[in-house]
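Before anything else, here is the set of structures, which you'll find just below.
The same chain A turns up in both complexes below, where it pairs with chain B and then with chain C.
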Partner chain A sequence: MSDISKSIPKSDSAGKIAGETIYIGDMVLDDMLHAMTLRSVHAKARIKSIRLPEMPEGYFIVDHRDIPGDNCVNIIFDDMPVFADGKVNYIGEPILLAAGPKRKKVKEIIDSIEVEYEPSEPVFGYSKSVVHHEFEKGDAASVFCKAERIIKGSYSTGYQEHIYMEPQGVIGLYEDNKTTVIGSMQCPYYIKNAVVRTLGTGQENVRVIQAATGGAFGGKEEFPSLMGCQAAVAANKTGKPIKLIYERTEDIETTTKRHPSRIDFEAAAGEDGSIEALRVRVFLDSGAYIGLSGVVLQRAMIAASGVYTISNLSVSGDVYETNTVPNGAFRGFGAPQMFFAIEMFIHHFAIETGQDPLALRKRHLASMGDPTSTGGTFRDPIIMGDMIQKAIDMSGYDEKIAEYSKPGDHRGIGMSWVLHGCGFTGSGEQKHIKAVVRLRKEKDDMVTILAANTEMGQGAMTTLRKIAAGVLGIPIEKVIYNNPDTDLVPDSGPTVASRTVMIVGGLIARAARQLKEKWVPGKEILVEERYRQPDYIEWDEDKLRGDAYPAYSWGVNVVEVEVSPVTYEVDLKGIWAVYDIGKAIDERIIIGQAEGGLSQGISYGMTEVMECREGRIQQRNMTDYIIPTAGDCIPMEIVIMDNPYPLGPYGAKGAGELPLVGGAPAVALAIENAIGKRIDRIPATPEYIMELMENG
Partner chain B sequence: MAEIRFILNGAETVVNEDPTMRLLDVLRDLMGLTGAKEGCGEGECGACSVLVDHDIVNSCIMPLGNAAGRDIMTIEEFSKTERYNVISRAYEDAGAVQCGFCIPGMIIATESLLNKNPHPSEIEIRDGLSGNLCRCTGYNMIVKAIQLAAERGDGLW
Partner chain C sequence: MVRSYIPKSYGEALDILSKGDLTIMAGGTDLMVKKRNRAGLLPSFQKDVLFLSGIKELSYINKENSSVRIGSMTTLEEILYSKQIPSLLREAAAIMASPGIRHTATLGGNIGNASPAGDTLPVLYLYNAMIIIESKRQTREVPIEEFITGPGRTTFGPGELIKEIVLEEAKFNVLYYKKIGGRKTDAISKVSFAAGAFARNGIVEDIRMAFGAVSPRVARDRGIEDSIKGTPAAGILDLAEEIRNGYGNIINPIDDQRSNAKYRKKCCMNMIDDFLGKVFAEQ
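For the complex of A and B:
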């Protein structure tokens, strides 16, 4: 293989095109029962009684009383029950499952169950803090004391729903004292650990197998643990395979979403116009259970100064519990909210202090060796200067912004600069994940990668095989990567946090080097590698001090729009992006990630409206919740830089989340340029633009 | 219950079922043809697309009764054709496939489009795909795949 980046056909495409790939909904097992969920209709209530109909032969009810172990879904923060026990905290909270051979009959049973509730006052909005973090860099307080001019800004972001095309689904099985969960998922070992705890059983009694996964985007990170536990409990109770597949409305109404947020800034302007100190306050709505919201908050906070070096920084943030559907992981994990806010704010700061935004941004742009927001160090070369110039040249940014800023012009152009920390925050990889991968060579010299990371469309299967084959110097056809099965593969960690190629791929490359040294044709060989954190990384998990990430990927995004002066509808006119992800393992896969991610980010910024009123999600289906069609999207020009990261396989860093992060601020800045009004919330819909135009 | 007759993947087929049953359920649950997927169940996403009299239809909102006397082709049958070979190669070469859940529907949409318009413009392609949602790709590689298929399959449609 001459250059690793040269694209090859994806391992999993042919079966998917032919409709032969089996997703969880396509699986039919003997004697299988269909399950459906009875859900709370109140945002907060005590359950006084549940009256069940007479159950026909072969139909079952499964609820909290059937849980042998902990009635708690093992996520980072242990507050979500598997089944409600006496109280409910959001509309849609699962109370019990009904299961039986005929779906229609199961639905009738669910509809005829009578639940008597005693409702109480639900909590909404940013009032009940359940997690608080803060950190300081430099001495913001004394700068603010002396500051002559303080500029403020407040930004808010809405929900975003994943709309993976395949709704959530699992099958639970119980055979010979062993419980198996098969399903659509990102993290087989998360589900395994959750099921072990809920069943109160040993590791050896639970097996989790990934089925082909029809998109995830973070939505299948922690959520499937809930369904996996429920299906496992039901399978253990009934002794039959339990299929639990959500319909789209159920999926939209009751699964996790991107956290709505509010982010407030105060900046002390120096005499020379620079930002001398920045104070940032983050508000995140977790919904009814905290789950992993505290970690989402941390990632948002760590991104508080964006790609800029600001010497004095004071950041605080809270997760607020509300009686609404729990929010969770979504591609970007707190960063999209913060990058929208900081990119808008630095622009608004420049305009209010009478400066050219681009000049101010360039002045603060981080360089290699600068301290990060948390007092770590940007250790690797930062090539943003080149990238920005490339994006400006490609898009004609300088000429366009001058022209479009003239009064009466309805066109606009916006540019966002982003970074994304690769892998888990801080010492997460070392302390919590402890990834292990193995390579097994058979007598026929075929090599199987044994790792728990999942293909969900992002190309993991092809990319990881390519790394192994490349290092071993064998054809890619000699390397096998199967959907993970926890009985067969070690825990290489979850498929999240832009870690799969950089961290797991890095371990595979190391394992491949080891195997290459030991290689004897015709002999079975097994090699193993474990994650070791680079020695220089130091992180204080409590104080949020030190190197939050081992490496950063960088991006520049430019979006051009035209806003109708009559309907305020926004048409995309041009999209350009330049990304530094170290090294592309497969260029076409990376372009696919870039186009898909940026498209999600742009529609997060302008299109995707989801509201919750009195605890009820208002957009319940794909007619109400709009994602872009082929007609809404336009061609993109994307450049992938070559800036190898010494510790990544072939120099690769993370790539999955980065392109999403900058979409919203780029399009919001473009709309702002087009309409000449300040935008401080997303999505910037025609209704919001009208409000700005008509109310000043 | 009613006896409904139609042609399914080239074969005369009789189904004795509730005529309001969704065609998608007939295909997936009764016939075991799982290439058509359920993405939304309300005719928005196109993952359940099949060809009815060689025109694209969302099988999740077509009642079985409406299938009477029609010619229905699913991805399972279409994948045996020369046209499919050209389209599938083009999808692979363009990198148009990510999670794959929308793809059988996209292939059906591609066939339906090219059958009517063998040399579509980019705008016509985007129009032709507008009933099929994809959340992974941003569509550009799918558009590229269809352009490739139209070019390579010149004369097939």
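For the complex of A and C:
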């Protein structure tokens, strides 16, 4: 086979382009009932009573009393109920489902239910800590004691909503003692485990099937478990297929989002201008339930020193509960918040101490063999020096920054450096996920990949097939990858954390090697591989010490802007990026991830405004929650480096999240350069830029 | 049960309108959003609906003497590409919505919707647009300033519809149009501004300014305009503060989920300055 990176048509494209792909919203089953959700209108209240209308024949109400097992959605931290039981903790919290054959009637039922609430004082802001972590590297405390000069900075970031093209949706059905959930999702086994628990039943009685999934961005990591449990309970109660599909507005208002954050820094400046010690404090808003916020916090904290080596580090962080819609997984998972903050801070530190930011950053840039923030080791070659030079050459950064820094020039250029730890944090893969994959060869020599990972538009299906076909040395057409069905595939783990190609692809490559050795034409053969953590990895989950990730992907992003002094609007003028993701398994797919991710990161940094007032989301539709259109995007120049990672398939590392992570700091630094004023929060909207330009 | 009427001719449309209280649907790009229901359910129209967009007789752009007559069912895309249309209106059409919407959205609909953020409106105000309203019984002509009385409110009587829009000729040698939205396409204006001036031999003979999305109706003040007319272009920047203060009194933007009052007002003031600077340069 020729170079694996050479692009091939994506497996899922033809059906999508032809409009033939069946999404969950398109599925119609016999006897199917439509379900709608009754939701809390208070941020915090006790439910005193619920008055139901007279129910017509064939219509049902499903609530917490119908749950045979735990009224708790299984997501790392067990605090979110499947249906509210006597109290509500955020506006939009699901109380019950109404279901029936006609959507119109179901809506009338929902509209006529009367709930009597006894509201109480909701909690907002960073006041009620529910998770705390901290870790140290070196001895920051004694450096601070002796420090001559301490520089401070405080940065805040807003919500980000996924706006996957297809809103959330599932169908639950119950047949012959077995409950099946079909839906738009990233993690079939998460839903399966959640449904097993909520139904209080055995693993063998629950089956989860992924339907074609129209985008996810992390929004379909843990959230579908809630809907899956609700639909499963409803299907068990009624004995009929239950279809639960969200409207766009409902989806925006009530599903998880990126955690708003505040990050405070204190840095002790050494005599030579370097950062001798860094103290970092992270505040994350989890919304009403913790869910996986503690893990998001960890990823943010571990990234506290960015791509820089800082010898003395003291990091602490808290997750704060508020009476707002729960926040959850989103591409980058805590890293986008931290990289915005650290990249701004190192600039601000340099400027305050009278240094060239680029020179300071280069001085602290991590190299191979350096200890990581958590005292692990960067074991693999770091080629950031080359990458930075490439980005500078492509973009003309040096000349431009000199020119644009002149007073009165409203053009600006900014550069961010990022890394992203690939796969689960710490020993997550080994201890919690324990991925298994199988390959099955049929008599006709077709090979099926048996794994639970999902195609959501990102190219997993194509990439994983390519890896198997490449190792086996057979044409790609001979390798099959179907949407996962938990009755047919083993648990290879969730499709999250930039792990699919590196970890699952790695297992598939190993399984393919095994199969190749055993290959006998015309014979059925089944092979299996299980995840084994590299021996050298050591991680202390409680102290957050050791190697937080098996490998890192790296990126350099440059954004050029022009800010209008009349309207304060930001025009993108140029975008360049250089990424080290080990090896591209398919170049076009990687460029797609890079361009999409970087766009999403840039608009996180300058465009996407979502505010919550008194617990109510203000931007509730796509008119008001602004994401970029094709008209807002400009051509990008992206270079993918070759730096194979020995344990990844063909040398591949993670690529899905990396490009998003550096978008916001690059554009925020560009705006800062354009207006000559310090930016401390994102999104850097025209309204905020006006304040800065007019008031300094 | 709501009934739908699809008339074959303009006459038939007027006939149908004369017999009942109907909702008029042009391109439907505002109406279908307003009447939207949950997915899978029919939109929630309360009245019978008259579909006007197929009436060819209402789709035209004619230059007559010095004015331009535009049929109400002319789409934004047609306006965008017509050489007969003043460039400011074409500019406004060009940054409205996105191509798909522009192919069905009509000029009549933008006026009928009467949103203070309707993007053609400031330009129509600038050209002293007359709205030709017709029913089976009568035809009346109303200046756009009188036709739109508030957000979503117009002076429609029963059985009436917008037949055409007439733009008065205006001679400008300085033109200015800016729409500020949250993004470059498919955005509702936070603020929009249309302005034109005619300066000859160093004297400002005509000057007009109209602001969208910053008050319940498009804001235009002929008193301020008249006070500038006749002054030397070279001295216009000296008047800037007075002019800004004048408009400051009639521009009352709000805080909402798309922007805030302070920003909207500040942008208006900046755009006035920017425009006056261009007039100054024209002397």
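Rule of thumb we're sticking to: the second predicted complex is superposed on the first by the 696 of 696 C-alpha atoms of A that agree within 3 Å, B and C clash if a C-alpha of one lies under 4 Å from a C-alpha of the other, contacts with A are read in each partner's own complex, and residues count from 1 in each chain.
Note that a contact is a pair of C-beta atoms (placed from the backbone, for glycine too) under 8 Å apart; a residue touches a chain by one contact, two chains touch by 3 or more.
Worth saying up front: this structure is predicted, and the values here are computed from it rather than measured.
In the superposition on chain A, A:694 contacts chain C only, with no contact to chain B. When the shared chain is aligned, chain B comes close enough to touch A:10, but chain C does not. With both structures placed on the common chain, the touch criterion links A:567 to chain C but leaves chain B unconnected. Applying the stated contact rule after C-alpha superposition, one finds that A:682 touches neither chain B nor chain C.
Contacts of A:623 after superposition on the shared chain: both chain B and chain C are touched. In the superposed model, A:34 makes contact with chain C only, not with chain B. Using the contact criterion defined above for the overlaid structures, shared-chain residue A:247 touches chain B and also reaches chain C. Among chain B and chain C, the chain that touches a larger number of residues in chain A is B.
Once the two complexes are laid over each other on the shared chain, residue contacts for A:666 go to neither chain B nor chain C.
Of the two partner chains placed around the shared chain by superposition, chain C is the only one that A:607 touches, whereas chain B remains out of contact.
Note: residues 25, 247, 623, 627-631 of chain A belong to the chain B contact set and to the chain C contact set alike, using the contact criterion stated above.
Residues 38-41, 98, 178, 180, 182-188, 191, 257-260, 262-263, 266-267, 270-271, 273-274 of chain C touch chain A in their complex.
Here chain A touches chain B in the complex through residues 7, 9-10, 12-23, 25-26, 28, 162-167, 212-217, 247-249, 456-459, 588-589, 591-592, 595-596, 598-600, 621-623, 627-631, 633, 635-636, going by the rule given at the top. On the side of chain B, the complex with chain A involves touching residues 28, 32, 34-42, 44-45, 47, 74-76, 79, 87-88, 91-93, 95, 97-104, 107, 125-127, 129-130, 132-143.
Of all the residues in chain A, the ones that touch chain C in their complex are 25, 34, 36, 103-104, 107, 245, 247, 565-569, 607, 609, 611, 618-619, 623-624, 626-632, 686-687, 690, 694.
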